[in-house]
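See the structures that follow.
Shared chain: chain A. Partners: chain B in the first complex, chain C in the second.
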Partner chain A sequence: MADFAIEMKNVSKELGRKKVLRDLSLAIPKGSVFGLLGKNGAGKTTLIKCALGLVRIQAGGITVLGDDPGNLHEDTKQKLGYVPQSDRIYPWLSVKQIINYTASFYSHWNDQLVHSLLNDWDLDSNDKVGLLSEGQAQMLMIILALGHEPQLLIFDEPVASLDPAARRQFLKTILKIVSDRECTVFFSTHITSDLERVADRVALLKDDKIDFCGELDVLKDEVKRLRIVAPVDISEELNISGLIFCERSHHEAIISVRGFKPEMKIAIEKQLKAEIEVEDLNLEEIFLELNR
Partner chain B sequence: MKNKAKYYFQINTSSGVPIYRQIIDQVKTHIATGRIKPDTFLLSVRQVAGELEINPMTVSKAYSTLEKEGVLGYVRGQGMKVKMKSHARADLKKRERELIPLLREVKVKASQLSLQPKKVIDLLKALWEE
Partner chain C sequence: MIKNIKQIILLYLRNPAFSLILGIYLSGAVSSRYFLYKRDFFMSEEAFTFMFLSVICLAYIMGVQIKRQLANYRASLLPHYRKRHLGVSSLWYVLFILFAFLWEKSLPPSIIFTRAGLTGIYLACLCVAMLITWVGYLSLVRVFLVLYFAVLILAIQSQSIFHMIDNTPWLNGFFLFLSLVMLLLFGIRMMKLKEGNFEYSYLLTWPPKDLIKSQFAVGPQKPGFLSVIFGDLPAAGEGKTKKYTEKRSMLSRAFHWDYIELAELKLFWIFLALLTPFYLWFVKMANELHLFYNNTYANFLLLSVTPVLIVICGNYRRIVFWGYELLKPVKKEPFILQHGFAMLMNLLLYWFLFILFFSILPGLVLENPFLNELKYWLYLFLTGSYAFVVFAWISYMSSLKSTRLMILNGLVLCLLSLLQFYEAANFPRFIILTNSTVCLLIGGIFIQATYRRWCRAEF
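Showing the complex of A and B:
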C-alpha cells in the first residue's frame, strides 16, 4: 500500500445506465510521472474523479496516499493537488486575491514558487480571473495546485488549452518538481507527444478497462509494426500471437503486434521464408494502433 | 570535478526508440568514437534531464543500465565515470553492424527514387568532404 500513491482495485462505476469503468484495477507507484491515455469519452475524467472521491463508485476499493477517497483525512487533503479539466472559479477575484484565498486553506504555502511561476507564465497578479483567456485560466489553476507543494498532483487534461510554448513551460515545471522532491504526478491527456517527454509510466483506458499499464519504454518495445515480404502467397496463413491489425496483399503484409520480442521476427521469417522489417512506433502511433 | 564530459545528447522524443535507449546508444557511440574518453565523468542525471527536458528517471535508467553493462562505474559523490576503454579497431565489425539499419533505409529510399548505388556512394562522399 505504502508504495502506491493511488491504488484502485476492481473498481466499477456507472453513470446512469452506462458502465464507464468495469472491474478496473490500477496502481500508481509513488514518485512516478504517470500518464493516463484514452480516447474522448473513454472515462479518463471519471476515473480521476473516482480516485479523488468526487464521485462514488459502485464496486471495488480505492486508496489515495493510503487513505479512503470517500472520507479523506485533513492531512491527506493537504498533500493533494488537483486541477480539473475546466474550472473557472470566482471570476470577480483578481489573480492575487484568488491566490491568497487558496493559500488560506493550506498549512504550508510556497509563495516564492507561486510568484516565480506567475512570472514564468506571464500572468499579471492584478488581472481579474474572469478576463483571463482559457489557456491563462488553466495556467492559473495549475499554479494554484502547486502552491502547497503537494505529494500527489493530479491533472485532468492539463495542457488541453495551452499553446505549445506554455505546454513546454508546464512540462518543465513538472520535471523540476519531480527532480527536486518526492512527488507523484498523475495526469490524463490525449496529447501523446507531451507524455512521451515526461512520463515514465502510462496506462491506456479503453472500453471501460485498462488495456495497458506499465513503463512507457516497455510499451514502445512491445508494440511494433512489421512489414513482411514473402516469396509465397501469405494472404491466408498469418497466425501471429498478439496481432492487432493486419493489412495484406499476396506477398506483402503490414501488421501491428503487441507483445513483440526479437525472437518473434526470426520465427516468422523462418515460417514464411519472408523478409521482415520491424518498425518502431512512437506513442501516438501506438495509441492509434491500440485503439483500432 | 574536472574531466566532465561536455557533449550533448540528441534526443528525439517522438521516435519509436525509447528515450533511455537513445541515451545508451549515444553514450556507447561517443565512447566508441573516442569523443568520450575513459575516466571522464558524465553529466549528472539532473543536468541531463534538465537540459533535454525529460524525466530524470529516464536518464537514471539509461545510466544504471550502462553501469550494469560495465560501461560506466559510479563513484560516490562524483557521479558516473566511463570505465570502458574505447573500442579498438578490432571492434570494427560491431561498429559496422550499427550502421547497417540506417544504410538499409538509405537503400530503400534510393531505390524509390531510382538512384543507382554508385550515385548514392558519390553523394555520401560529397557529404563527407563538406
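Showing the complex of A and C:
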C-alpha cells in the first residue's frame, strides 16, 4: 500500500501558452490535513484538478490513492470527495433530491452524518437548489462530498463563501472526521488562520513550483523575523544566508530570513556586535514574507 | 445500480422543460392516433406535427442535459457516472424511436408517413439537435439556428422531403448511417471529456450568469489568420472608431452597442455569400423542392418567427451585462432605447435575408409566377410586420416578473401565430394589408410597454 494519498512527480501543466506547473513534485501523506497556499493565479486550482485527473498533464506522473487519476477506477472514486471553488448543480432539484441523486452513486452513504450537517448548517432539505445563496450552495457541496465518508477529501477554497460561524463549523467537522477515522484532507485556501487551525502540513506554491512542503511547525521554525539593533550604522550589504527582506534605518534593521537556525542569530550578533530579537511569525506573515 | 438509474431518470423528469415537452410529445402521438381512428386525416397530421416538433425540442434538451451532466467534475469523480448517464440518455433516445414505430404501426396506406422515412427523419433531427448542442455558443450559433429552422420548416412543411426519403433508399440509409456515426462519436467524446477540451466551456447553461462564467473561462481568442477575417472590429475608441461618448445620433450609438456581437454577424454574411451558388444550384436541381417554394404562403413561420429567434438569442446574453454597462457614464433611458433600436435593425436585416434566400433568389431560379403577384408582396410585408409583433411581444415577456403571466402571454402568442400561419395566406389583399397594419400597431404598443418596463427595471 502506498504511504501517500496523492503523489505527484515532475508534473508540468500548461494552459494555452502559460506554464502553470513546472516540474512539480508533491507528496501528501495519508491521514494528514494538508494545506495548499499560493497567491492568486499561482496554480492551486490547476494543481488540484491535475491531481484529480480533471485536466490532463503534459509531463510527469500522478497517483491518487495508488490509482492513475486520468483513468480512475470505480473503487477509487468511492473513496474520493471533492468540493470545487464554485459549482453548477441542477437548480430545479430540491436539496433532498440532489442528496438522493448523489447518494445513489455510492455503495456507502452516511445519512445520519448528512442530516446532522444539514441541521447544523440550517439547510432546509425541501429548498430548491437554485434558490440557495452562494454560501448555502457551498455548504451543500461540502455535505455532498462528505456523505460517502471518503478516505481522501479535496477542497478548493472551501470556505470562501461561508460566514464565520459556518467556517468554524466546517473546520470542526473536518477535525472530527480526521480524528474519528483515517482520512486525508487536502485543501487550498487564502484564509491562513483556518489553515493554521487544522493543517498539520502545508505546501507553498510559488512561480509554478512548490516553494515549501512540510510540517507547519517546521515552516514556522524556518522563517523568522529578526530585529537588529547595532551600535553603529548597519552596512548596505548584510551577508546573511536565506535573507528574504531587509529594512534598514541607521543602526537598526528588521530582516526576514528563511532557513533560520539559532546559530544564525549568534553569528549575526558577532558580525555586527548587535542585539538581536527573534520574532515568531504566524502563517499569514510567513506567506507575505515568502511572496515578497 | 437500479436505484442510481432511477435517480438519473428522475433527473430528466424533474426538469420542468423536459417533462412539459415530453407531455406534448406523448399527447401529440396519442391525439394523432385518435384522429386517425376517427378518420380525420387532417387533424391527425396536425397532431403529428406537434409530436414531430416536440421530439426535436426533446432531443435538444437532452443534448443540453447530457453536456450539463458530463462537462463537470462529477463525471470524472463519481463512480459509474458517465456510463450510466449516457446509458439513460440512450434509453430515452431508443424510447422516442420505439414510440414513433408504435405510432406508425398499422397506419393505413393513405397516410404518407412510412416507417423508413419516419425513422430517417427522427434520426436526422436528433442529430441536428445534438449538433446544435455540440457547437453550443460558438460564434456560429446564428448560422446553425438558421440551418436548424430551415431543416425544421422544410421537413414539416414540404411533403417532398418525406417523399424524397421514402423513395430514395440510399438517402434513408445515409441518414441512418450518419446519425448512428454521429451519435457514436458523441458518446465516445462524452466518455472522455475533460476540462482541457475545447467544447467544455461552451455549455448551454442556465442561468445566464453561468454562461458568462464559462465564456470568461475560455478567455480571449488568440490572434490568427481567421481572426483577421472574422475577428471583432477595433473596439470603440480605437483608430477611426469614435468613442461612445462622442457619438451623437441614436443610430450611431445603437451601432456602437451592436459592435459587441458583430463578429457573428459578419460571419453570417460571409457564410451566406459563400453558400449562395451552391444553394441556388441545390434549389434548381432538387425538383421536389418546387412543392415547397410554390407554396410560398406556407412559409409564414419561417419568415416571421425565425429572424426574431435569431435576434433574441443573439442579444439575450447581452442583457445580463446591462447592470454593469449602466455603471458607465450612460443614461438608462437612452441606453435601453439604443439597445432596442440595435435589435430592431438586426431583425430587419435577418428578415430581409430570409426573404432574399427563401423567396427572391429561389424565385429567380424556379421562375415562380407567384413572385409577380401583388398579393405575394403584401404577404411578405405581413411576415415582416408579424415578425415585429413577435419580437415586441417576446421582448415584453422578457420584462415580466410573473411566470404565470409569461406562460399566458406565450400561449396567446403561439395561438395567434398558428392562426396567422393557417389563415393569413387565404385572406384577400385588403385583409392582408389591414392585418399587417394592425400588427405594426400592436407591435408598437408592446415595444412602448417594454421600453417603459425595462426603464423601471432593477439591474
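Going forward, the second predicted complex is superposed on the first by the 290 of 292 C-alpha atoms of A that agree within 3 Å, B and C clash if a C-alpha of one lies under 4 Å from a C-alpha of the other, contacts with A are read in each partner's own complex, and residues count from 1 in each chain.
The rule is short, and it goes like this: a contact is a pair of C-beta atoms (placed from the backbone, for glycine too) under 8 Å apart; a residue touches a chain by one contact, two chains touch by 3 or more.
These numbers come from a predicted model, not from an experiment.
Superimposing the complexes on chain A yields a three-chain arrangement in which chain B and chain C fit side by side.
When the two structures are aligned on the shared chain, A:93 is found in touch with chain C, with no touch to chain B. Using the contact criterion defined above for the overlaid structures, shared-chain residue A:54 touches chain C, although it does not reach chain B. When both complexes are overlaid on chain A, the residue A:168 reaches chain B alone and has no touch with chain C.
After superposing the two complexes on chain A, the angle subtended at the C-alpha centre of chain A by the centres of chain B and chain C comes to 150 degrees, rounded to the nearest 10. By the touch criterion stated above, A:126 is placed in contact with neither chain B nor chain C. Contacts of A:72 after superposition on the shared chain: chain C is touched, whereas chain B is not. In the superposition on chain A, A:40 makes contact with neither chain B nor chain C.
When the two complexes are overlaid on their common chain A, residue A:106 makes contact with chain C while staying clear of chain B.
Once the two complexes are overlaid on the shared chain, A:84 sits against chain C while remaining clear of chain B.
Once both structures are overlaid on their shared chain A, chain B and chain C have a minimum Cα-Cα separation of 27 Å.
On chain A, the surface touched by chain B in one complex and the surface touched by chain C in the other have no residue in common. Contacts from chain A toward chain B in the complex involve residues 32-33, 168, 171-172, 175-176, 178-179, 193, 196-200, 216-217, 220-221, 277, 279-285.
Those residues of chain B that touch chain A in the complex are listed here as 13-21, 46, 49-50, 53-58, 61, 104.
Those residues of chain A lying in contact with chain C across their complex are 16, 49, 52-56, 72, 74-75, 77-78, 80, 82, 84, 86-88, 90-93, 97, 100-102, 104-107.
If you check the complex, the residues on chain C that touch chain A are 3-4, 6-8, 10-11, 14-16, 68, 72-73, 76-81, 194-196, 205-207, 210, 213, 219, 222.
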